[in-house]
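Written below as structure tokens is the structure these notes are about.
Should a chain be cited, it is by its letter among A, B, C, D and E, assigned in written order, with residues numbered from 1 in that chain.
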Amino acid sequence: MKVEMGLVALALSCLVLDLFLPKKKSGYILANVAMTGVALLFALLCFEWGQFGHAFGSSFVQDGLAICFKGILFIATFFVLFMAREYQAQLKRGQGEFILLILFALIGADFIASANDFLLFFVALETLSVSLYIMTAYLRDHESSIEAGVKYLILGALSTAVFLYGLSFVYGTTGSTNYLEIQQRLVSSSTLPASFIFGMILIIASLGFKVSAVPFHLWVPDVYQGAPTPVTAFLATASKTAGFAALVRLVLTVFSPAAEQLTLLFSVLAALTIIYGNLGAIPQTNIKRLLGYSSIGHAGYLLIGLAVPGLLGKEAILFYLLSYVFSTACAFLVLVALAGSIKSDAVSELTGLSKRSPALAAAMLVSLMSLAGVPPFGGFFAKFYILWSCMRSGMIWLVVIGLLNVVTSLYYYLKVVKVMYADEPAPGLPNLEVSHSQKAMQFFAIAGILVMGIFQGPFVQVAASALSSFLTTR
Amino acid sequence: MVAHIILFAPLTAAVFITFFGLRRPKLSAGVALAGILLSLALSTFMFWSNAFEVRGGDAWIQAPGLLVQFGFLIDPLSLLMLLIVTGVGSCVFLYSISYMKGDTSYARYFASLSLFAFSMIGIVLSNNFLMLFVFWELVAVSSYLLIGFWFEKPSAADAGNKAFIVNRLADFGFLLGILYVWMLSGAAGTERTFNFAELARRLPEYLQNGTIAPAAMTIAALLVFCGVVGKSAQFPLYIWLPDAMEGPTPVSALIHAATMVAAGVYLMTRSFFLVSASPEALAVIANIGAITALLAGMLAVVQNDIKKILAYSTVSQLGYMVVALGLGSSTAAMYHLSTHAFFKALLFLGAGAMIHGLHTQDIWEMGGLFKKMPVTAATFLIGTAALCGIPPLSGFFSKDEILHLALEHNKLIFGVMLFTASLTAFYMTRALWIAVLGPDRAHGHKKNDHEHGNAHDAPFAMKLPLILLAILSMIGGFLGIPTFLSGEHAEPLNMTVAATSVGAAVFGIVFGTMLYSKKSLVHDPLKRSLGTFYQFVVKKYYLDEFFVWLAGLFQNALARVFFWFDTNVVIDRGVNGAASVTSSFGSLLRRAQTGVVQSYAMVFAIGIVAIVYFLLMRS
Amino acid sequence: MIGLHHYLIVSAALFVIGLFGLLVRRNILMVLLSMELILNAANLSFVSFSSFRGELTGQAVVFFTMIVAAAEVTVGLAMVVLLYRKKRTTNTEDLRSMKW
Amino acid sequence: MSLGPVSILMLAPALGACLLLFVPKDRIKLIHAIGLIAASISFLLSIFVFWQYDRAAAGYQFVDRVEWVPSLGIAYHVGVDGISAVLLLMTGFLAFSGVLVSMSVKKRVKEYFIFYLFLISGCLGTFCALNIFFIYFFYETAVVPVFPLIGVWGSGEKKDYATMKLTLYLTLGAVLALVAILGLYFAAGVNTFDLPAIEQAVRANPLPLDFQRWAFPLLMVGFGVILTLWPFHTWSPMGYAAAPTSVSMLHAGVLKKLGAYAIIRLGLGLMPAGAAMWMPIVAWIAAINMLYCGLVAFTQKDLKYILGYSSCSHMGYILLGLACMTPLALNGTLFFMFAHGLMAALGFALVGFIYDQTHTRMLKDWGGFGKKVPFVSVLFIMTAMASAGLPGFGNFIGEMMILMGAWDKYRIQAVLAVLGLVVTAGYMLKTVRGTMQGPLNPSGNDLKDATGIQKLPYALLLAGLLAVGLLPSIILPTIETGTRPILERISHES
Amino acid sequence: LSSMLETSLFYAFSLGLVVFALGVVTARSAVYGVLSLVAAMCCLAGLFILLKAFFVATVLVLVYAGAILVLFLFVVMLVDFRSLSLDWPSFRTSPAIAVILSLLLFSQFFKVIRTIEPTGVKALDGTAEALGGLLFDKHVLPFELTSFLILAAVVSVVVLAKKDAE
């Protein structure tokens, strides 16, 4: 709980600080404060490893799984805060509040990772979502941003409603909202009531919306494209991580009695999602939209981890998410660094980037290659790990689909690489200057990608012990 | 060890020239000559000391199931061939020193020539099929390099390519033959071998006890013979040899008259155990030889280029040798090979001297040479006589042996051979009258008068080989070559055959003299009198056209079809098709992204309905 | 006798009506209103289950649902205002600058 | 943990590349020096490893092993056996000469060298990794840097298409193979990717036949793509034509062999029964490769296309050798792989050398260069001869062994293979005729021959080619120690 | 309450709920829509009372009739909704699909609901006291967390809807 308290304190102190800071600088300073706070809290989080247990009548749980997801969330938020700091000029107004909203969203996401009760989970989810709706529409001068906000809000609200309705059935069937209690009651009953499965489907649909699983994904490209870049980054990383944090815990607890149906459901969803995301990305010309489609594809790979029965798939999800966060963050760091000097988010704006700024191009290259799953980057082992676990459960067809789409994804990523490296920049464009702090952050992300890609062992070990601590903490 | 030195001396010379001699022409010529002379000296030493050896040699390629040796087989056959190669080789090297003087690539010439000598000696010394094949290919390369020596000249470059390709085509069969023989050698479950001695022991035995079928032997023999057809320029692959005359004349003398082209005959002799066991193969070989001899003889009649005349003559004489093989006597073949090496090398070198002096190869621009270059003319005359089979010159004896053989075995072939003998005499007489004895025709229609007028006998370095070879051509019949080879005493001359053959030769000479001794002759009188047939022969029986058509079939038709297939089917339809299906699928998918938020909600709802249906309602 | 099923069916009807409205109305305001219907369908379901199962948590959920609904409506209406100011429209069919 | 020579030779280029990241991009000489040092460390160590490899003891030597991801059975495990030792030697040769040739790259030198060194490391790593995961890891690492290398430094109007196609094809193959590899992990039932451990397990109980039946074709096609298995060959000529010289060298020389290596190691070594089921088909495809690609090479007008198709055609011999699964053919295949690596690299290097000066590779724009560049032209002719299977060069011995190995098993294909030699000679001579012989084409008026250090890479490659061609016993016994266990398993399972 | 009365009240409230709900989705004017919603919410509150969820019923009426109604009306005043009758989809088939979809969904709901055991009686009193105990004890964490939710909503109004100073 210390971390959560710290987080709340951080958010509130930022809120107060915002009142006293000069309008023009508040965003910058708050971002720095928040980054420092998040970094410290991350350290604190690490020290909480081992102190596992429940709180608030077991509606809050702190175990390895929660800590791992929180760690990923903190890293993602750290990147997003930095992006927000560099994005001040584009925001134009409400810079301080922007940082606040990121922290609110983090609070929501953080509680999602620890929630052991649907009630807490629901409120946390809404905290995250509402903050995101607002941030998505933050660029008031851009129609696309408002449009994205509206779309996200409407569909998000629908998904909330579907979630609630599903929850009511789960609650009605079992008479509880606590994960463990529900699981116990279901295990003790001889048959699995249809109403429970019905509720489960609705809940999964709603969470599928959050993690952008086909067919609940249609908001993704539009919202990713329209939202301010740091928000897109947040959606792609932290929000998705939160969704998977919830799904993993639910699959392991509440839904575990329906393992058979889950495997069927998630494997089909995973296949559809992988195919849709990767094929849909091919014709895209907007880099953020392209990353949106690609994030759908990645959600598909992550869903494979859910489809695989047992704990291995979930370990793979942890690894995958962290590597995905590093890679995606790296790509968005580049986009944010470019934000001031490109006219639009069209891929063609990156033409000749390697000439204009080798460092940015290299960061983008590493990030895209990692996303595509090319060794020696983290994305490779992530895919390998998850497909390995899938193969273990005998779903060869899913492995084949996953692998074939690696090729597809390589195609559209390489198209971007080609634009950056092979094409000549338009004459007269100046070289781009990248600040040291930006370089440092990119370096951090690249280092993460590389370390995860080469020294996979420790990460796998942490993931494994996270899952085993989940078992012992219950 | 001696054999090693014989083999590697020319190679060392070649390597030395490549690394150190490219800018030092004189040094490189000296080194090359030293190399071949060393080989000659040691060969002679071996000959005198009767140092026959049939050693296993060292393992060259050793792998499970395969042992290829690097070893020498030295017996009378290889020793004789070795002497011819190094002997004629030395003459040609010596001759080349002044013949090639002033050429910009003087050193390269000697390097290539030394490489050739190395490869040729390798063929002779090899104790197994694969090693022989290695050198067999190497002579092809050196021949390619030497034919295309003046590679800036398109015709020379083309000729080199043609020679190489035709030989490769023949080696297709030869290599299959080697593999086939290799397989047969293990028919009884023993370890397979390429070794000649071992094969000669095993194969007849296997044939005897039925381990291998007679047909198998025929196949093996004919496949190996394929190589001979290429290298020894037999019908229908002789087409490369006349073109090979684009190379420097000493090269033609050494490679394309005396040694390399004879390598095929040597090979057949070496592997005679294959052929002798198969009457069918023998018949095929004899017939091919006869056809070659006849066709090439006729071709020689219509040539105007002195080297081409000699080239076709070579082909024709090779036909004789092959006939001898086909009739079952390798000794006769080798006998004719030896004498032919002497007089044909002599003729080529003589022709070279004429070309050197007159700067033309057209016999109709020569003439009156006895005055200008008496030594050349005289040796040329001796060579001609030897070729025509005038007793007691060397050609008479060897040719007589073959005719005798033919008479005994196959009357038809005898007739053909006899006709060819007469044809030989005829075209050589023609060449002699027009190019050497006749009046100097160049003044009438040639521009470089001053050079022509200054034509004189070659320098000593060129004359010496001529004289040496002339001597050999004269006494070649008395050296006891058949005895040396077969160990038996030569049969006495069959007077009937001898008389017939001399008669045929004389007929040819007389007829030739009648036609071509006229001083006023400017054009070939045969052209008019033979009409269409003459044209047919001039066009080389359209055999080249046939091959061009065949090559075109492969190169243009089939290859183009494949290329078309590659670009339009494999790539376009297959690859791009798959790619475009994928990406159009992508475009199709994104149509779901209408932009209207309610349609997204609709899909969301449909998704729920579908999942509920499939997961809950269906069962 | 009115039982759990009756209430649940009413709630289902409410859900479906709300969904229908959400799917066919093109005015964002109407979409938000339909959304309220769906949310309250869930509320009804919760309360019925809570009542019939004798378990109070369901009603607690409803309490939170209303807070969430209020928050979402607030954000949604803020966006409507923003959108209207910017584009003079509240029709979702006009919001398709991003597609495909 | 102490790193053995194999680790060092494999990591040296990668470390060099990392070092280059911190070098300013205008310090060309320093960049060259680092690249050269890294490559020469690999080169010298590859010679050292080859030389020090104990043939009598055989097995895996110079082994470095560090647990990496224990729960998945992944360990950093490198070492060499007879096969790897020889292929590492070849890669060492090519890496060194490739870096030397790369010195002629003028644009964006730093990035070029970074990518190039990574490429080298990937190749070396594939050959020496003893953990299947790492084999795949390095294989992919080698495949992908080619994309920017061709995309940025390549030439020709189809460059973009070619490089995309190449990368996608190879990745497609790789993922197919990965399916088989993942299946292998579970089929072997020892819960490890460790190659020696799996080999041992397979020796005790062979993999299930059903598994072998479906996994082998995946592996064969997957790695066959990079081996230009017909009809998956079309990426190759196009890719080579677009690639810069040193990349073509490495790609044609080494990368193609990665595929063959993986098929031998994983396919023949672990699933011999599956291989036996499918190899008759492969043998036919091999024949198609040889003749079809050879004939297509006839029609080409661009020199690099000729070399590209020629290399596809030569891969037919490797495929045929693999298909035989007999000692002679397998040893011959590896021998041929070594020789072809050097030969292909030499060919591309020479064409590249002249192309750098003439800026055209069209046959019609070349001609008569023999007089202008005697050194290069002599080497070019020798390369052509080697390519045509002339004795004296390593290719000949490899081809002969393959032919003899194939003779008993696939006689028709063997006969077609011999015919393939004729075809090769045909287009190679045609090429020599069109480039080096005949009257001088004006485009070559300013040609300058290689001088001094420029000659080194060519001379080195040729020397290697001749050395193994004349004295096959340099590498043949080592190859044999490597193939023996594989052959034992083949005979055991058949 | 007698069962007869309860039954009739249930049907009355249910009918009202459905009718007003339909009124919401088919309203030709935003004001009608909002007012229909409030009416529907009142019916819903009636049902809640039948279910003895008194506290929730009260809050529902307060929230909807009070807060949300005002909010909506405020926006309706702010925004010009004269063209509301044109807000049906331009793509003619989508209402049909929506109808079919809704019916399908309803039938699925129906099937699922039928499987639920109708056990238990309304024995529970959802009073403020009882609920408060639950909220401030067991579910205090989500309760506290809602403050951030509301805070976020407040921020949204400030940053999104506030007119720029200039």
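By definition in this document, a contact is a pair of C-beta atoms (placed from the backbone, for glycine too) under 8 Å apart; a residue touches a chain by one contact, two chains touch by 3 or more.
Please read all numbers here as calculations on a predicted model, not as lab measurements.
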item	value
Chains touching both subunit B and subunit C, listed by label	A, E
Set of chains whose contacts include both subunit D and subunit C	A, B
Chain separated most widely from subunit B, comparing mean CA positions	E
Core chain by centroid distance, with centroids computed from Cα atoms only	D
Cα-centroid distance, subunit B relative to subunit E, in whole angstrom	102
Mean-CA-position distance for subunit B and subunit A (Å)	76
Centre-to-centre distance between subunit E and subunit D (centres being mean Cα positions), rounded to whole Å	70
Between subunit D and subunit B, distance of the C-alpha-averaged centres to the nearest whole Å	36
Per-residue overlap in subunit E, given as positions that touch at least 2 other chains	89, 94, 97-98, 101, 105, 108, 112-113, 116, 139, 142, 146, 149, 152-153, 156, 160
Set of subunit B residues in contact with two or more other chains	590, 593, 595-599, 601-602, 605-606, 608, 612, 616
In subunit D, residues with contacts to at least two other chains	none
Pairs of chains satisfying the touch condition	A-B, A-C, A-D, A-E, B-C, B-D, B-E, C-E
Parts of subunit A lying in touch with subunit C, wherever the complex brings them together	118-119, 122-123, 126, 130, 133-134, 137, 140, 143-144, 146-151, 153-154, 156-158, 160-162, 164-165, 167-169, 171-172, 175-177, 221-222, 225-226, 283, 289
Interface residues, subunit C side, partner subunit E - complex	1-10, 12-21, 23-27, 29-30, 32-34, 36-37, 40, 43-44, 47-48, 50-57, 59-60, 62-64, 66-71, 73-75, 77-82, 84, 90-91, 93
Subunit B contact footprint on subunit A (complex, rising order)	150-151, 154-155, 158-159, 162, 194, 197-198, 201-202, 204-205, 208-209, 214-216, 218-219, 221-222, 261, 264-265, 276, 279-284, 408
In the complex with subunit D, residue positions of subunit B that touch it	22, 59-66, 130, 133-135, 137-138, 141, 144, 148, 151-154, 157-158, 160-161, 164-165, 168-169, 171-172, 175-176, 179, 182-183, 551, 554-556, 558-560, 562-563, 566, 570-571, 574-575
Residues of subunit B touching subunit E in the complex	596, 598-599, 602, 605-606, 608-609, 612-613, 616-617
